[in-house]
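Pasting a structure below so you can have a look.
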């Protein structure tokens, strides 16, 4: 794993964390919040996981790769939920999730 | 998974988190801190993972089981490092880690 | 601050974290989820803050008291929101929040 | 608070989190680790606080400003400790800490 791949994955996780938290906040402000409840749950799971993985990678934890594997799973699930919804925040979040999932799969090896 | 098994695993994670953080603090106060550096690293990894898993379980996350699997791995690694050292805080931490690892393996199924 | 007061505050934070996460999950399952959106937001804020404060206290961080002060503020806000709602999970969460707020105020001094 | 100031503070927190975790890892690898123990403690406190504040800001939490106030305090303490040490990772961390403290003070208002 090169330093560049490592830094790329940290950057992707931190972008995805922000997109998920933005989507979480926006979903809770939507008129039809009941339709967004799976999105809200997954946004929190995904934001928290991305922050956790970025912390582990940046302190060079022995468990960084194993954490990236589960981070990729959660990002994919969150992206799949978000892409069902037409809101701009959901579409942007889906894009960030899929991009982060790809970087995490590469890290996980 | 019964409610009792679920609550037991949360309780174990929260006890282990406290034992690891206490060991981390005490290791940094030891005279021969250089000998404790792997213990310090793993104590942080394990405390953070246990807190993260407990949060996921208590909000009924879909990823609780998957997180418990990696939590068990980290608890075992931390317990194995701690049990090498004679300090009371390390021995107590090792015990908490192995007990938590067992509960997490049961949760992970 | 005696060891007993310290441990009491950690215990309160970890109970409150669980109550908030349980309430968060249950609110997202309620039929009228739109009425629960402030509760959902505050449940997450409060669960995350309580976990964070408990971690800081258990590693004897210099910032434990300062973190308990803001934890008390968030617990009070979450308790005040929860007590407006008749659901058992909200009433139980309010009780845990007020109890934790009291312990955190004592810690903060 | 403009959107640009808000995003600037999130960016600073995430840069500081990475610098602190890198310094934490590097301090634990230094030959004279006993001299670095206050740095190790504060690096963890500061990395965790920065990640926590960035999460709160990015989900538009009501407590973002209050969290930025304590984040600024911890960043200043960590920066003051790091700048005592000649290691490049400590000097770079001190710089990131002081820059983040400034952004957090502006956010806190």
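By written order: A, B, C and D. Residues from 1 in each chain.
Heads up, the rule we're going with is that contacts are C-beta pairs under 8 Å (C-beta built on N, C-alpha and C of every residue); 3 or more make two chains touch, one makes a residue touch a chain.
These figures come from a predicted structure and were not determined experimentally.
**Q** Name whichever of A-C and C-D has more C-beta pairs touching across its two chains.
**A** Pair with more contacting C-beta pairs, C-D versus A-C: C-D.
**Q** Once you find the CA centre of subunit A and the CA centre of subunit C, what distance in Å lies between them?
**A** 26
**Q** At least two partner chains per residue is the criterion; list those residues in subunit A.
**A** 41, 44, 48, 55, 59
**Q** Based on which chains are in contact, what kind of graph results: line, ring, star, complete or other?
**A** The chain contacts form a complete graph, every chain touching every other.
**Q** Which residues of subunit A touch subunit B in their complex?
**A** Spelled out, the residues of subunit A in touch with subunit B are 41, 44-45, 48-49, 52, 55-56, 59, 61-63, 66-67, 70, 73-74, 77.
**Q** Of all residues in subunit B, which touch subunit D in the complex?
**A** 28-29, 33-34, 37, 40-41, 44
**Q** Write out the stretch or stretches of subunit D touching subunit A in their complex.
**A** That would be residues 10, 14, 17-18, 21-22, 24-25, 47-48, 51, 54-55, 58-60 of subunit D.
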